[in-house]
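Each of the next two complexes has chain A plus one other chain: chain B in the first, chain C in the second.
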Partner chain A sequence: MNCLFILRQSPYHGSLAREALDMALAFAAFDENVQLLFLDDGIFQLLKDQDSSALVIKNIAKSLAAVEIYDINEIYVAEECLKRRGLRTDDLSIAAQAVDTRIIQALIADADKVVNL
Partner chain B sequence: MQLHIINQSPYQKSVFSQAIKVAAAQDAILLVDDGVYALTGDYLQQIKQHPAQWLAINEHLALRGLKPEPGAAKLIDFDAFVSLSMKAQHCLSWY
Partner chain C sequence: MRGFFLSMTKQSIAIMLLGNAQANSSRTALHYARAALQQNYTINCVFLYHDAVQLASTYPICPQDEQNIAAEWQALIVQHQLPAVACIASALKRGVINSTEAKRHGKDANNLHPAIELAGLGTWLEALTECHQHIVFAE
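Take a look at the complex of A and B:
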(Lines of atoms letter the chains of each structure in order from A and count residues from 1; the text may use other names and numbers.)
(Lines give C-alpha, C1' and ligand atoms only; values in the text may rest on other atoms or scores of the structure.)
Protein backbone atom coordinates (compact mmCIF):
# COMPACT_ATOMS: atom_id res chain seq x y z
CA MET A 1 0.00 0.00 0.00
CA ASN A 2 1.24 3.47 -0.92
CA CYS A 3 0.94 5.85 2.06
CA LEU A 4 1.67 9.51 1.46
CA PHE A 5 2.37 11.63 4.54
CA ILE A 6 2.08 15.35 3.98
CA LEU A 7 4.08 17.02 6.75
CA ARG A 8 3.21 20.69 7.11
CA GLN A 9 4.09 21.63 10.70
CA SER A 10 7.20 23.45 11.90
CA PRO A 11 9.27 21.10 14.11
CA TYR A 12 8.89 22.62 17.58
CA HIS A 13 5.45 24.22 17.57
CA GLY A 14 3.58 21.76 19.76
CA SER A 15 3.99 18.02 19.16
CA LEU A 16 2.18 17.61 15.82
CA ALA A 17 5.33 17.43 13.69
CA ARG A 18 6.88 14.74 15.87
CA GLU A 19 3.69 12.70 16.11
CA ALA A 20 3.13 12.78 12.36
CA LEU A 21 6.69 11.58 11.81
CA ASP A 22 6.30 8.82 14.42
CA MET A 23 3.15 7.70 12.64
CA ALA A 24 4.99 7.55 9.31
CA LEU A 25 7.80 5.49 10.88
CA ALA A 26 5.24 3.13 12.42
CA PHE A 27 3.61 2.60 8.99
CA ALA A 28 7.02 1.90 7.50
CA ALA A 29 7.77 -0.59 10.30
CA PHE A 30 4.75 -2.57 9.06
CA ASP A 31 6.25 -2.70 5.57
CA GLU A 32 3.91 -0.20 3.98
CA ASN A 33 5.43 1.91 1.22
CA VAL A 34 5.75 5.31 2.89
CA GLN A 35 6.29 8.57 1.00
CA LEU A 36 7.03 11.82 2.81
CA LEU A 37 6.11 15.18 1.35
CA PHE A 38 7.30 18.24 3.26
CA LEU A 39 5.10 21.23 2.57
CA ASP A 40 4.84 24.77 3.99
CA ASP A 41 6.56 25.15 7.40
CA GLY A 42 7.10 21.37 7.48
CA ILE A 43 10.18 22.11 5.40
CA PHE A 44 11.82 23.59 8.50
CA GLN A 45 11.88 20.07 10.02
CA LEU A 46 14.59 19.24 7.49
CA LEU A 47 17.02 22.07 8.26
CA LYS A 48 20.60 21.04 9.07
CA ASP A 49 22.34 21.74 12.39
CA GLN A 50 19.31 21.84 14.68
CA ASP A 51 20.84 22.17 18.14
CA SER A 52 18.61 21.28 21.10
CA SER A 53 21.44 21.18 23.68
CA ALA A 54 20.46 24.46 25.39
CA LEU A 55 16.80 23.48 25.80
CA VAL A 56 14.96 20.47 27.19
CA ILE A 57 13.53 19.47 23.82
CA LYS A 58 13.95 16.38 21.64
CA ASN A 59 15.75 17.09 18.38
CA ILE A 60 13.52 16.16 15.43
CA ALA A 61 16.48 15.91 13.05
CA LYS A 62 17.61 12.79 14.91
CA SER A 63 14.30 11.05 14.21
CA LEU A 64 14.43 12.15 10.59
CA ALA A 65 17.85 10.56 10.23
CA ALA A 66 16.11 7.24 10.99
CA VAL A 67 13.94 7.28 7.86
CA GLU A 68 16.59 5.42 5.88
CA ILE A 69 16.66 2.59 8.41
CA TYR A 70 12.90 2.30 7.94
CA ASP A 71 13.38 2.00 4.17
CA ILE A 72 11.66 5.29 3.41
CA ASN A 73 13.34 6.40 0.21
CA GLU A 74 10.77 8.68 -1.32
CA ILE A 75 11.19 12.08 0.30
CA TYR A 76 9.81 15.14 -1.43
CA VAL A 77 9.88 18.85 -0.66
CA ALA A 78 7.70 21.48 -2.28
CA GLU A 79 9.99 23.59 -4.44
CA GLU A 80 7.88 26.72 -4.12
CA CYS A 81 7.85 26.52 -0.30
CA LEU A 82 11.63 26.12 -0.25
CA LYS A 83 12.16 29.10 -2.50
CA ARG A 84 9.85 31.31 -0.48
CA ARG A 85 11.91 30.59 2.62
CA GLY A 86 15.20 31.36 0.89
CA LEU A 87 16.29 27.70 1.17
CA ARG A 88 17.82 25.14 -1.19
CA THR A 89 17.91 21.33 -1.01
CA ASP A 90 21.57 21.68 0.14
CA ASP A 91 20.30 23.25 3.37
CA LEU A 92 18.43 20.05 4.28
CA SER A 93 19.71 17.30 6.57
CA ILE A 94 18.41 14.43 4.41
CA ALA A 95 18.30 14.00 0.65
CA ALA A 96 14.96 15.16 -0.69
CA GLN A 97 13.61 15.72 -4.16
CA ALA A 98 12.20 19.18 -4.91
CA VAL A 99 8.82 18.89 -6.63
CA ASP A 100 6.36 21.33 -8.19
CA THR A 101 2.60 21.52 -7.67
CA ARG A 102 1.86 19.27 -10.63
CA ILE A 103 3.94 16.44 -9.14
CA ILE A 104 2.39 17.02 -5.71
CA GLN A 105 -1.04 16.58 -7.25
CA ALA A 106 0.12 13.37 -8.94
CA LEU A 107 1.57 12.03 -5.66
CA ILE A 108 -1.78 12.60 -3.95
CA ALA A 109 -3.72 11.06 -6.83
CA ASP A 110 -1.48 7.96 -6.92
CA ALA A 111 -1.50 7.31 -3.15
CA ASP A 112 -3.71 4.63 -1.59
CA LYS A 113 -3.81 6.58 1.67
CA VAL A 114 -2.98 10.19 2.44
CA VAL A 115 -2.24 11.53 5.92
CA ASN A 116 -2.17 15.32 5.98
CA LEU A 117 -0.82 16.82 9.21
CA MET B 1 10.00 51.95 24.14
CA GLN B 2 7.47 49.17 23.63
CA LEU B 3 8.51 45.55 23.39
CA HIS B 4 6.66 43.57 20.73
CA ILE B 5 6.95 39.79 21.03
CA ILE B 6 6.22 37.54 18.07
CA ASN B 7 6.11 33.79 18.67
CA GLN B 8 4.52 32.43 15.47
CA SER B 9 5.87 31.61 12.05
CA PRO B 10 5.14 34.41 9.54
CA TYR B 11 4.43 31.76 6.89
CA GLN B 12 1.66 30.23 8.98
CA LYS B 13 0.03 33.22 10.68
CA SER B 14 -0.32 36.88 9.77
CA VAL B 15 0.67 38.27 13.19
CA PHE B 16 4.15 39.15 11.93
CA SER B 17 2.77 41.52 9.29
CA GLN B 18 0.19 42.90 11.72
CA ALA B 19 2.74 43.54 14.48
CA ILE B 20 5.30 45.34 12.34
CA LYS B 21 2.63 47.74 11.11
CA VAL B 22 2.02 48.86 14.67
CA ALA B 23 5.65 48.85 15.90
CA ALA B 24 7.28 52.31 15.99
CA ALA B 25 10.88 53.13 15.05
CA GLN B 26 11.92 53.45 18.71
CA ASP B 27 10.32 50.10 19.68
CA ALA B 28 11.94 46.68 20.01
CA ILE B 29 10.60 43.61 18.25
CA LEU B 30 11.62 40.29 19.75
CA LEU B 31 11.30 37.03 17.82
CA VAL B 32 10.79 33.95 20.01
CA ASP B 33 9.85 30.31 19.32
CA ASP B 34 8.57 29.91 15.73
CA GLY B 35 8.73 33.71 15.38
CA VAL B 36 12.44 33.30 14.57
CA TYR B 37 11.48 31.86 11.14
CA ALA B 38 10.85 35.49 10.13
CA LEU B 39 14.64 35.74 9.70
CA THR B 40 14.35 33.83 6.39
CA GLY B 41 13.19 34.52 2.84
CA ASP B 42 11.15 37.62 2.03
CA TYR B 43 10.44 38.34 5.68
CA LEU B 44 14.15 38.94 6.27
CA GLN B 45 13.95 41.80 3.76
CA GLN B 46 10.99 43.28 5.64
CA ILE B 47 12.98 43.11 8.88
CA LYS B 48 15.93 44.92 7.29
CA GLN B 49 13.64 47.68 6.07
CA HIS B 50 11.84 48.18 9.39
CA PRO B 51 13.48 50.81 11.63
CA ALA B 52 12.65 49.16 14.98
CA GLN B 53 15.32 47.29 16.93
CA TRP B 54 15.12 43.61 16.04
CA LEU B 55 16.07 40.89 18.50
CA ALA B 56 15.80 37.11 18.60
CA ILE B 57 16.36 34.43 21.23
CA ASN B 58 19.61 32.70 20.34
CA GLU B 59 18.59 29.31 21.80
CA HIS B 60 15.43 29.29 19.69
CA LEU B 61 17.42 29.95 16.51
CA ALA B 62 19.94 27.23 17.35
CA LEU B 63 17.19 24.69 18.05
CA ARG B 64 15.76 25.28 14.58
CA GLY B 65 19.13 25.21 12.81
CA LEU B 66 18.78 28.81 11.66
CA LYS B 67 21.82 30.99 11.12
CA PRO B 68 20.55 34.42 10.15
CA GLU B 69 22.88 36.82 8.41
CA PRO B 70 24.83 38.92 10.92
CA GLY B 71 23.23 42.22 11.84
CA ALA B 72 19.68 41.28 10.86
CA ALA B 73 18.73 40.88 14.52
CA LYS B 74 20.52 41.13 17.84
CA LEU B 75 20.76 37.64 19.35
CA ILE B 76 19.96 37.55 23.05
CA ASP B 77 19.52 34.98 25.84
CA PHE B 78 16.67 34.62 28.37
CA ASP B 79 18.33 36.91 30.94
CA ALA B 80 18.51 39.71 28.38
CA PHE B 81 14.85 39.03 27.52
CA VAL B 82 13.90 39.64 31.17
CA SER B 83 15.98 42.86 31.36
CA LEU B 84 14.44 44.09 28.14
CA SER B 85 10.91 43.46 29.35
CA MET B 86 11.70 45.43 32.53
CA LYS B 87 13.00 48.36 30.46
CA ALA B 88 9.99 48.48 28.14
CA GLN B 89 6.95 50.58 28.97
CA HIS B 90 4.66 47.80 27.74
CA CYS B 91 5.20 44.25 26.52
CA LEU B 92 2.89 43.36 23.66
CA SER B 93 2.58 39.68 22.81
CA TRP B 94 1.14 39.13 19.36
CA TYR B 95 -1.03 36.04 18.91
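Take a look at the complex of A and C:
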Protein backbone atom coordinates (compact mmCIF):
# COMPACT_ATOMS: atom_id res chain seq x y z
CA MET A 1 0.00 0.00 0.00
CA ASN A 2 1.29 3.41 -1.00
CA CYS A 3 0.79 5.82 1.93
CA LEU A 4 1.44 9.52 1.52
CA PHE A 5 1.87 11.40 4.79
CA ILE A 6 1.38 15.14 4.61
CA LEU A 7 3.29 16.69 7.50
CA ARG A 8 2.45 20.32 8.23
CA GLN A 9 3.37 20.87 11.87
CA SER A 10 6.28 23.01 12.99
CA PRO A 11 8.75 20.79 14.87
CA TYR A 12 8.44 22.01 18.45
CA HIS A 13 4.93 23.42 18.67
CA GLY A 14 3.45 20.72 20.86
CA SER A 15 4.13 17.09 20.07
CA LEU A 16 2.12 16.59 16.90
CA ALA A 17 5.09 16.80 14.53
CA ARG A 18 6.78 14.02 16.50
CA GLU A 19 3.64 11.88 16.76
CA ALA A 20 2.88 12.34 13.05
CA LEU A 21 6.39 11.18 12.18
CA ASP A 22 6.00 8.24 14.59
CA MET A 23 2.92 7.20 12.62
CA ALA A 24 4.78 7.30 9.32
CA LEU A 25 7.67 5.29 10.79
CA ALA A 26 5.25 2.73 12.26
CA PHE A 27 3.63 2.25 8.84
CA ALA A 28 7.06 1.80 7.28
CA ALA A 29 7.96 -0.72 9.99
CA PHE A 30 4.87 -2.68 8.88
CA ASP A 31 6.36 -2.74 5.35
CA GLU A 32 4.00 -0.22 3.79
CA ASN A 33 5.47 2.04 1.14
CA VAL A 34 5.65 5.43 2.86
CA GLN A 35 6.11 8.80 1.18
CA LEU A 36 6.57 12.00 3.17
CA LEU A 37 5.44 15.39 1.94
CA PHE A 38 6.36 18.41 4.05
CA LEU A 39 4.11 21.43 3.72
CA ASP A 40 3.65 24.78 5.46
CA ASP A 41 5.61 25.09 8.75
CA GLY A 42 6.25 21.34 8.55
CA ILE A 43 9.29 22.14 6.44
CA PHE A 44 11.00 23.59 9.54
CA GLN A 45 11.30 19.96 10.71
CA LEU A 46 13.84 19.48 7.95
CA LEU A 47 16.15 22.37 8.84
CA LYS A 48 19.85 21.68 9.34
CA ASP A 49 21.59 22.28 12.67
CA GLN A 50 18.56 22.08 14.92
CA ASP A 51 19.25 22.22 18.63
CA SER A 52 16.24 21.57 20.82
CA SER A 53 18.22 20.92 24.01
CA ALA A 54 17.12 24.18 25.68
CA LEU A 55 13.50 23.09 25.20
CA VAL A 56 14.25 19.65 26.62
CA ILE A 57 12.53 18.08 23.61
CA LYS A 58 14.05 15.38 21.42
CA ASN A 59 15.61 16.74 18.23
CA ILE A 60 13.26 15.83 15.40
CA ALA A 61 16.02 16.09 12.79
CA LYS A 62 17.70 13.10 14.44
CA SER A 63 14.57 11.00 13.93
CA LEU A 64 14.27 12.23 10.36
CA ALA A 65 17.84 11.15 9.73
CA ALA A 66 16.68 7.61 10.52
CA VAL A 67 13.99 7.42 7.84
CA GLU A 68 16.38 5.67 5.44
CA ILE A 69 16.67 2.78 7.89
CA TYR A 70 12.90 2.42 7.53
CA ASP A 71 13.25 2.30 3.72
CA ILE A 72 11.55 5.65 3.31
CA ASN A 73 13.22 7.10 0.24
CA GLU A 74 10.58 9.40 -1.13
CA ILE A 75 10.73 12.70 0.73
CA TYR A 76 9.13 15.72 -0.82
CA VAL A 77 8.97 19.33 0.20
CA ALA A 78 6.67 21.95 -1.30
CA GLU A 79 8.74 24.40 -3.34
CA GLU A 80 6.29 27.22 -2.70
CA CYS A 81 6.48 26.74 1.10
CA LEU A 82 10.29 26.80 0.97
CA LYS A 83 10.30 30.01 -1.07
CA ARG A 84 7.89 31.78 1.25
CA ARG A 85 10.18 31.05 4.17
CA GLY A 86 13.33 32.12 2.32
CA LEU A 87 14.72 28.57 2.31
CA ARG A 88 16.33 26.31 -0.26
CA THR A 89 16.79 22.54 -0.30
CA ASP A 90 20.46 23.18 0.69
CA ASP A 91 19.17 24.37 4.07
CA LEU A 92 17.63 20.97 4.78
CA SER A 93 19.23 18.19 6.80
CA ILE A 94 18.06 15.34 4.57
CA ALA A 95 17.72 14.99 0.83
CA ALA A 96 14.22 16.11 -0.03
CA GLN A 97 12.90 16.76 -3.48
CA ALA A 98 11.31 20.18 -3.98
CA VAL A 99 7.99 19.76 -5.78
CA ASP A 100 5.51 22.17 -7.32
CA THR A 101 1.73 22.10 -6.99
CA ARG A 102 1.30 19.97 -10.10
CA ILE A 103 3.54 17.23 -8.71
CA ILE A 104 1.84 17.45 -5.29
CA GLN A 105 -1.49 16.89 -7.03
CA ALA A 106 -0.07 13.82 -8.76
CA LEU A 107 1.37 12.45 -5.50
CA ILE A 108 -2.02 12.76 -3.82
CA ALA A 109 -3.84 11.27 -6.79
CA ASP A 110 -1.45 8.30 -7.05
CA ALA A 111 -1.35 7.38 -3.34
CA ASP A 112 -3.55 4.54 -2.08
CA LYS A 113 -3.99 6.39 1.21
CA VAL A 114 -3.30 10.00 2.10
CA VAL A 115 -2.87 10.77 5.79
CA ASN A 116 -3.03 14.52 6.26
CA LEU A 117 -1.75 15.57 9.66
CA MET B 1 -33.53 -8.42 -0.79
CA ARG B 2 -32.25 -5.53 -2.83
CA GLY B 3 -32.29 -3.33 0.27
CA PHE B 4 -30.37 -5.97 2.16
CA PHE B 5 -27.76 -6.15 -0.57
CA LEU B 6 -27.43 -2.38 -0.64
CA SER B 7 -26.95 -2.21 3.09
CA MET B 8 -24.27 -4.89 2.83
CA THR B 9 -22.33 -2.81 0.34
CA LYS B 10 -22.49 0.42 2.34
CA GLN B 11 -19.07 1.93 2.59
CA SER B 12 -16.99 1.79 5.72
CA ILE B 13 -15.17 4.77 7.15
CA ALA B 14 -12.15 4.92 9.45
CA ILE B 15 -11.95 8.05 11.58
CA MET B 16 -8.84 9.45 13.22
CA LEU B 17 -9.04 12.27 15.75
CA LEU B 18 -6.13 14.42 16.91
CA GLY B 19 -7.78 17.27 18.85
CA ASN B 20 -8.35 17.35 22.62
CA ALA B 21 -11.70 16.99 24.39
CA GLN B 22 -12.39 20.73 24.02
CA ALA B 23 -11.21 21.05 20.41
CA ASN B 24 -13.64 22.12 17.77
CA SER B 25 -12.37 19.27 15.58
CA SER B 26 -13.58 16.73 18.16
CA ARG B 27 -17.05 18.29 18.04
CA THR B 28 -17.07 18.43 14.23
CA ALA B 29 -15.99 14.79 14.10
CA LEU B 30 -18.84 13.84 16.43
CA HIS B 31 -21.36 15.50 14.09
CA TYR B 32 -19.71 13.83 11.10
CA ALA B 33 -19.85 10.38 12.71
CA ARG B 34 -23.52 10.79 13.65
CA ALA B 35 -24.39 11.88 10.11
CA ALA B 36 -22.45 8.98 8.58
CA LEU B 37 -24.19 6.43 10.83
CA GLN B 38 -27.58 7.98 10.07
CA GLN B 39 -26.89 7.40 6.39
CA ASN B 40 -25.99 3.77 7.13
CA TYR B 41 -22.28 4.05 6.60
CA THR B 42 -20.24 1.71 8.75
CA ILE B 43 -17.51 3.11 10.94
CA ASN B 44 -14.83 0.42 11.14
CA CYS B 45 -12.56 2.33 13.49
CA VAL B 46 -12.46 5.42 15.68
CA PHE B 47 -8.77 5.92 16.37
CA LEU B 48 -7.83 8.45 19.04
CA TYR B 49 -4.32 9.76 18.54
CA HIS B 50 -2.31 12.65 19.97
CA ASP B 51 -4.47 14.85 22.26
CA ALA B 52 -7.67 13.05 21.18
CA VAL B 53 -6.94 10.29 23.71
CA GLN B 54 -8.63 12.67 26.19
CA LEU B 55 -11.89 11.59 24.56
CA ALA B 56 -11.33 8.11 26.00
CA SER B 57 -11.20 9.40 29.57
CA THR B 58 -14.22 9.09 31.85
CA TYR B 59 -12.90 11.98 33.98
CA PRO B 60 -13.81 15.16 32.05
CA ILE B 61 -16.49 17.06 33.97
CA CYS B 62 -18.29 19.94 32.27
CA PRO B 63 -20.75 22.55 33.57
CA GLN B 64 -24.33 21.46 32.90
CA ASP B 65 -24.87 24.04 30.18
CA GLU B 66 -21.79 22.97 28.24
CA GLN B 67 -21.38 19.99 25.93
CA ASN B 68 -19.20 17.17 27.31
CA ILE B 69 -17.68 16.03 24.03
CA ALA B 70 -15.77 13.12 25.57
CA ALA B 71 -18.97 11.77 27.17
CA GLU B 72 -20.88 12.20 23.90
CA TRP B 73 -18.22 10.33 21.92
CA GLN B 74 -18.29 7.54 24.51
CA ALA B 75 -22.09 7.34 24.31
CA LEU B 76 -21.96 7.14 20.50
CA ILE B 77 -19.30 4.41 20.66
CA VAL B 78 -21.44 2.37 23.08
CA GLN B 79 -24.73 2.97 21.24
CA HIS B 80 -23.38 1.84 17.86
CA GLN B 81 -20.77 -0.57 19.21
CA LEU B 82 -18.08 1.25 17.24
CA PRO B 83 -14.60 -0.26 17.36
CA ALA B 84 -12.74 2.46 19.25
CA VAL B 85 -9.06 2.59 20.07
CA ALA B 86 -6.87 5.06 21.93
CA CYS B 87 -3.21 4.96 20.93
CA ILE B 88 -1.45 3.46 23.92
CA ALA B 89 1.66 5.64 23.68
CA SER B 90 -0.37 8.87 23.32
CA ALA B 91 -2.74 7.79 26.10
CA LEU B 92 -0.10 6.92 28.70
CA LYS B 93 1.67 10.25 28.13
CA ARG B 94 -1.58 12.09 28.79
CA GLY B 95 -2.72 10.13 31.80
CA VAL B 96 -5.41 8.03 30.16
CA ILE B 97 -4.97 4.49 31.49
CA ASN B 98 -6.86 1.26 32.11
CA SER B 99 -6.53 -0.96 35.19
CA THR B 100 -3.73 -3.07 33.64
CA GLU B 101 -1.58 -0.01 32.91
CA ALA B 102 -2.45 1.52 36.30
CA LYS B 103 -1.14 -1.62 37.99
CA ARG B 104 1.95 -1.77 35.77
CA HIS B 105 2.90 1.84 36.46
CA GLY B 106 1.87 1.97 40.12
CA LYS B 107 -1.06 4.38 39.72
CA ASP B 108 -4.00 4.16 42.07
CA ALA B 109 -6.82 4.95 39.63
CA ASN B 110 -7.81 4.38 36.03
CA ASN B 111 -10.01 6.37 33.70
CA LEU B 112 -10.19 4.64 30.31
CA HIS B 113 -13.78 4.15 29.16
CA PRO B 114 -14.51 0.39 29.10
CA ALA B 115 -15.74 0.47 25.47
CA ILE B 116 -12.41 1.87 24.28
CA GLU B 117 -9.30 -0.19 23.87
CA LEU B 118 -5.64 0.79 24.25
CA ALA B 119 -3.63 -0.36 21.23
CA GLY B 120 -0.82 0.61 18.91
CA LEU B 121 -0.65 2.22 15.49
CA GLY B 122 -0.86 -1.21 13.85
CA THR B 123 -4.59 -1.13 14.61
CA TRP B 124 -4.93 2.16 12.72
CA LEU B 125 -2.97 0.74 9.78
CA GLU B 126 -5.28 -2.27 9.72
CA ALA B 127 -8.39 -0.06 9.81
CA LEU B 128 -6.96 2.12 7.05
CA THR B 129 -6.27 -0.93 4.90
CA GLU B 130 -9.79 -2.30 5.34
CA CYS B 131 -11.90 0.86 5.09
CA HIS B 132 -13.29 2.35 1.89
CA GLN B 133 -12.41 5.83 3.02
CA HIS B 134 -10.79 7.51 5.97
CA ILE B 135 -10.84 10.96 7.45
CA VAL B 136 -8.43 12.66 9.84
CA PHE B 137 -9.82 15.39 12.09
CA ALA B 138 -6.68 17.38 12.83
CA GLU B 139 -6.35 19.80 15.73
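Here is the rule we use: the second predicted complex is superposed on the first by the 117 of 117 C-alpha atoms of A that agree within 3 Å, B and C clash if a C-alpha of one lies under 4 Å from a C-alpha of the other, contacts with A are read in each partner's own complex, and residues count from 1 in each chain.
The criterion applied here is as follows: a contact is a pair of C-beta atoms (placed from the backbone, for glycine too) under 8 Å apart; a residue touches a chain by one contact, two chains touch by 3 or more.
Small disclaimer: the values here were computed from a predicted structure and weren't measured.
Partners chain B and chain C, brought together by superposition on chain A, fit side by side with no clash. Using the contact criterion defined above for the overlaid structures, shared-chain residue A:R85 touches chain B, although it does not reach chain C. In the superposition on chain A, contact of A:D40 is made with chain B only, not with chain C.
Number of chain A residues touched is higher for B, counting chain B against chain C. Taking every C-alpha of chain B against every C-alpha of chain C after the fit on chain A, the minimum distance is 13 Å.
Put simply, chain C touches chain A in their complex at residues 16, 18, 49-50, 89-90, 93, 120-122, 124-125, 128-129, 134, 136, 138-139.
Looking at the complex, you find that chain A touches chain B at residues 10-13, 40-41, 44, 47-55, 57, 59, 61, 84-87, 93. Residue ranges on chain B touching chain A, taken from their complex, read 8-9, 11-12, 33-34, 37, 40-42, 44, 59, 62-67.
Residue ranges on chain A touching chain C, taken from their complex, read 1, 3, 15-16, 19, 22-23, 26-27, 30, 32, 113, 115-117.
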